[in-house]
Amino acid sequence: MTATIDKPTAPAEAGRSARSLVDTVFRAREISIAGALVLLVLFTWIAEPRFLNGQGVKDLLLNAAILVLLAVGQSVVVVTRNIDLSVGSVVGLSAFACGKFASGTDHGPLLVALLGIAVGAACGLVSGSLVSFGKVPALVVTLGMLYIIQGVDYWWAEGEQINAADVPQSVLDLGSGSVLGIPYLPLISFAVLAATAYFLRTYRSGRELYAIGSSPEAARLAGVPIRRRVLGAYVFSGAVAGFAGSLWLARFGTVVADNAHGWELTVVSAVVVGGVAIVGGTGTVWGAALGALLLTTIGSSLSVLKVDSFWEDAIAGALLLAAISVDRIVNVRMTRALRKRSAR
Amino acid sequence: VTLAGCGGTTKKDSDHNSGGGAKATDAKADPGAPLKKGLKLAFLPKQINNPYEKIVDDAGIAAAKEFSGEGKEVGPSDASASSQVSYINTLIQQRQDAILIAANDPNAVCGPLKQAMKKDIKVVAYDSDTAKDCRQLFINQASSEEIGRSQVQHIAEQLDYKGEIAILSATQNATNQNTWIEFMKDELKKPKYKNMKLVKTAYGDDDDQKSFQETQGLLKAYPDLKGIISPTTVGIAAAARYISGSSYKGKVVINGLGTPNQMRKYVKDGTVEQFSLWDPKKLGYLGSYAAAALASGQITGAEGEKFKAGKLGEYTIGKDGEVILGPPTVFDKNNIDDFDF
Amino acid sequence: MSQAVPTGVPVLALEGVNKSFGAVRALRDVSLELFPGEAHALAGENGAGKSTLIKTLAGVHRPDSGQVLLDGAPVVFHGPADARDAGIAVIYQEPTLFPDLSIAENIFMGRQPRRRLGRIDHKAVRAATAALMGRLGVALDPDRPARGLSIADQQIVEIAKALSFDARVLIMDEPTAALTGSETARLFSVVEALRAEGAAVLFISHRLEEIFRLCQRVTTLRDGRWVASEPLAGLTEDDLVRRMVGRDLDELYPKQDTRVGETALSVRRLTREGVFRDVSFDVRRGEIVALAGLVGAGRTEVAQAVFGVDRADAGEVRVGGKPLRPGSPSAAMAAGLALVPEDRRQRGLVMEMSIERNIGLTGLDRISGKGLVKRALERGRAADWAVRLQLKYGRLSDQVGVLSGGNQQKVVLAKWLATDPAVLIVDEPTRGIDVGTKAEVHRLLSSLAAEGLAVLMISSDLPEVLGMADRVLVMHEGRLAAELPRAEATEESVMAAATGRTGEGRAAA
Amino acid sequence: MRLLRTGLRWDTAVGVLLVAVFVTGLGTTDGFASRDNLAFAFNDIAEVALMALPMTLLVVAGQVDLSVASMLGLSSALTGQLWDSGWAFETIVPVVLLVGVAGGLLNGWLVTKVGLPSLAVTIGTLALYRGLASVVLGSNAITDFPENYAKWAVDTTTVPGTFITYPVALFIVLAVVAAVVLHATGLGRSLFAIGAQEDAAYYAGIRVGRIKLALFVVTGLVSAFAGVVFTLRYGSARADNGQGFEMLVIASVLLGGIDFDGGRGTLFGAVAGVLLIGVLKNLLTLNDVANEVQVIVTGLLLVASVLTPRLISTVGEWRHRRAAATSSN
């Protein structure tokens, strides 16, 4: 064949400038959600200034804290092209277990949280083992687990209710106390969020989760220990959900068996709104956390804006659709603009 | 609306279809008949894992033992009418002697309940009524009118008859809550409440966390809110919990229906001054005896008939087959420690 | 270049290996030895078992019986990771990248350089990738996600991945199938350097001249059986073909003379910003027009825009004189267009569907009567084309996913030829197809053209372009750089236009 | 060997399980076999079963619609509201069905034109449609639906001589139609192709966008119709009717062996799955099995539905490997 002919190096330049733009687009996923959030808060604040007074901000953060935590756990699973529908049930079971454990005793918050984490991790271990070793579809398995855990929880609780009065004050303080005016719960969620984000970005095993979600086949060929990683993701998600259960107890004091019933869809929508692709491989926990914050803020805004209760669901649904549509359209436009730009 | 009435089946045509009336059975009551032994009673609550309903049903099942009957509780884990219907069907197949139901929807459970009555199974509604022609008796915890009006009266006294108030209810479709709310609104029309204003009815869906956040929303949206009435045990507990941990404590009055065990903490810490409820155990107990009296032929459900409900004494059936347990108890820090449920 | 049969211990070897998939016996008692410093070729028809052999060496498959020997000692690879840790680098036939991850991450997944506390050194990853790209002479941005890379670029990333660690054994399954001459030459010089440092190389290609250029020894497989292992020196291409096929082959580029008819496909000023610009050309009935150019010149993209799977920003496509509704493959098909896509795994085939259903997919209305699919028609259509393209398969109801790469390509061809198109666009039609069948495909294209079909052929295989085309269009960086009639198309003139050194070639219309 | 493998496919297994549960019920539980009970048991899942049909087609095409139950609720609320304001029932039904079509169009439009994943879109419309239902009807409950229509929905009216109620009869007819479409037509082939490899389907000239849109529209239509049936069956229109049914529909489809990733499954499996859930629930309730245990059983069945075929094929592979190893030596 012909002699070696070097390709001209001109495109390299184009590649460079395109790169920073590509970066922008990728970050835009989080930016557009953050933008929507800011708009919503500003709008509500202008209409009702009290929305952002001390108590108001505190409430916003408190409301989002648990959902953020769950969204972080869920993202780690979704990134691997799996899903964990059992989170709602896990929170319920763990909250009840923690309540049962703590009620009438003086167990400290640490002990209670550890129990919650252990319960959650155990549930995650079961789902994760089925998904990774059984090589069966995550959606079906975790939907099954949703029912199983829920059934066990109901069966155990027998309609019993744990009241705030029985829960040790130190545990309740965790849910309502604060440092420097910032309540503990959002601080805890933020810590978990930041640590998870850092791990996903800077550790091999974190990157491997993305690799698995992006292409399981390629991950196998690249020697990624898929089963171990997927199992790890589930145990993490379960542990986080279990932890959220113990925080639930701390925050609400009262627990019954069906706490967080039906939350799985809310968590999944927070994750999806936050730009974590349901088919795996892309998205960040920051985005998911923003998604969770956006969802809870929509709820808070609507009640502050005195929207008729009958309209709340409809408007929340419409806003959710608007948020993801705008995000998508912006993205498509940007990508196209980028392509055209790189032409010159 | 323009299309209305241009032929076809409309509501007006079919109105005559549903005029069944409350006529229960043609059988004659035999007030002297003894309570039958071995009666099979089934309690069908709104939802099995609701702590309040659990108390009611357990008391009813215990009561059945007193007259050598056999009680059981079955039901769905979600508070929906459609799931209750499946259970009614099974209870018919199992040939129970009586079904006691707290209806999630007064009409959706009607068809199957009528079938049950046709098969000579007695139907007693408790806590939350069904349509009148779908049951023989309704054991009302207290007269709906009294509950509704008294709640407004209580909170008005606490507020000196002025200020904005809101209601935190259960689900948008809860029959009993909606009835009470109607009476509350009616009561508020009286001139003595002219300085009070009901600003909003919020729905916490009998979900602890939702009720909690609805309370937040109410307080933020209505800065001048002075009081919240929550005629549901889940709602009032959640509202009290939010207020007790917020800057609104001591500034906003909470009243409504709650259980002493749930509210004890908030009464003690001063968040809540008073609230009311009937004794759910008595409700279950009365229901059980009423069902037994029906099944034994002592009563048929007609107005004016009387029956003995064990240690609670004698009750008389009122209009539309309603039996009223008695006035609700008002709990405050003086008496709350006398109760444990 | 060649040497005598090497002595010493082979780094990696197979001994009496058997491997079956269900009823298919892919490898029967095959042995192979790879020595340091030697490039070893693996030859065989489509479905002969080459890829299976490679996957056995790479730890993807476990042999049913027989052994893998590393430095003379038997080993068992429990997975690709084990083989990698033993110093074996593999480029698989089908690029398997992480579409959402950057090129740099793709290359270093699981092996990223780390800083203290096990944290990934992102900067080092990027720098190492840039260095690799420099070594291969390609300008791919390390931070660009792999999604949307052309098959050729994907292949280059795969190559970079394999070169990124100091492998003792480099195994390459048709790495050049989608590459043009210049990338291939670059690759070969890098491989030469590795070999000189003592690496053992195993190389598969259906382009026989490449085998002769790169390798010293060759092992031939036929129907999963070992046929011969011998030095290449002294062997001719014909000898090799005879070992593979078991008989002599006919002429490779059987170009028939045809009468050129009226214009069938006419493309005017077609533009997709950032991808290609102002592309105009005609293809007439009976004519085979080749679209040549370097990897990344925009050929595939032009084909996709013509067929309507991508939307053009400007310009017009006419088929048989009538304007084609843009952005609609179904309209394109109704107008008589067919596109054999380059990426058979994503776009060409539904991997988990059967052979017959895949072939039937492009003609659902033709194989149905009264709305119901007629199984007999469907099977007939598939069986007919399976024979014409010498498809090697078990049953027509088998999943296409289990076919060998070349045989999958034949199914894609069959699927589109069966639509009986007026204009056929083929993107790398013979990628991965063995020499025997390649001639068959060429004969088929030629005779279809003779019957009045208009063919637009995109190919990175220059001999194929020169051998088959009546006219050659050359693209350079998204523009048509030259249009060369058959007589003027030579390696030199095409390459000159493709690399932007125009002047010799006539400027495009 | 081959017979063994096809014989143990999960959808067949669900069918066998269904028959087994049914026969066990006949033998062990009195009251189960009565005409009344059977009519009730099947009629009780009529809406879920109806919605499971288009859902099966959607899932095969790699999509999902979580808004079905909310559409049912919206349709029910609308039926009630219009009926209450004096509309003729004959007018209400087509209007409500049109709303179903519109809802399906919105879902489909967001998925095909805006390019959003169906899971995300329909989580949004799940809230939207349920919200609209409560906007339409508020906290009211409308009753007194016309007897001449209601009688076609309730379990006391059956096809003469059988225990098949009319909603169930309709389900049977539609199931046959759906089975033919999915397994015997070009459209069915296209659905499998879209679900398995959308790009390849698109390149093959299949009108991916249009087909998906149509599927969502049909799903909206059927859900709206299910809403009318539900309303008549319970004689009660409320905004929260059918809340949570989406999970039940999806669970039955998955139980029937439809692969959520698309491209795999049979309609027979989905039908068997839905009926199994219905019959099992009836049987367990008759035997006073507590609700929470039923929930656990549903969960276990779901897990088994994916685990069992997996185990079977693993054992099969293992046996095959051993056979191959011995024969080649």
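Things to note:
Letters A, B, C and D name the chains as they come in the text, with residue numbers starting at 1 for each one.
Assume a contact is a pair of C-beta atoms (placed from the backbone, for glycine too) under 8 Å apart; a residue touches a chain by one contact, two chains touch by 3 or more.
By chain, UniProt protein names: A = Autoinducer 2 import system permease protein LsrC; C = Sugar ABC transporter ATP-binding protein; D = Autoinducer 2 import system permease protein LsrD.
What you see is a predicted model; the values in this text were computed from it and never measured.
Identification of common neighbours of chain A and chain C yields D.
Listed by label, the chains touching chain A and chain B alike are D. Interface comparison, A-D versus C-D: the higher number of contacting C-beta pairs is recorded for A-D. Using CA-based centroids throughout, the chain positioned farthest away from chain B is C.
In whole angstrom, the spacing between the mean C-alpha positions of chain A and chain D is 29. Distance between chain centres (mean CA atoms), chain B to chain C: 74 Å. Distance between chain centres (mean CA atoms), chain C to chain D: 44 Å.
One simple way to say how far apart two chains are is to compare their mean CA positions; for chain B and chain D this gives 35 Å.
For chain D, residues touching at least two other chains, in rising order: 134, 138-139, 244, 290-292, 295.
Shared interface positions of chain B, i.e. residues touching 2 or more other chains, are given as 48, 77, 172.
For chain C, the set of residues that touch two or more other chains is empty.
According to the touch criterion at the top of this document, the contacting chain pairs are A-B, A-C, A-D, B-D, C-D.
Those residues of chain C whose C-beta lies close enough to touch chain D in the complex are 18, 20, 22, 25, 28, 64-65, 309, 329-330, 332-333, 339, 341, 346-353, 357, 360-362, 364-365, 367-368, 371-373, 415.
Across the interface of their complex, chain C is touched by residues 180, 184-186, 188-190, 192-193, 196-197, 199-207, 263-264, 320-321, 324-325, 328-329 of chain D. Within the complex formed with chain A, the residues of chain C that make contact are 60, 79-82, 84-85, 90, 92, 96-101, 105, 109-110, 112, 114, 118-120, 122, 137-141, 143-145, 181-182, 184-186, 189, 209-210, 213, 273-275, 277, 294, 296, 313, 462, 477-478, 491-492, 495, 499-500.
Within the complex, the chain D residues that touch chain A are 66, 110, 114-117, 119-121, 123-132, 134-135, 138-139, 244, 247, 250-251, 254, 259-261, 290-303, 305-307, 310. Put simply, chain A touches chain D in their complex at residues 130, 134-137, 139-141, 143-155, 262, 265, 268-269, 272-273, 277-279, 310-318, 320-321, 324-325, 328-329, 332.
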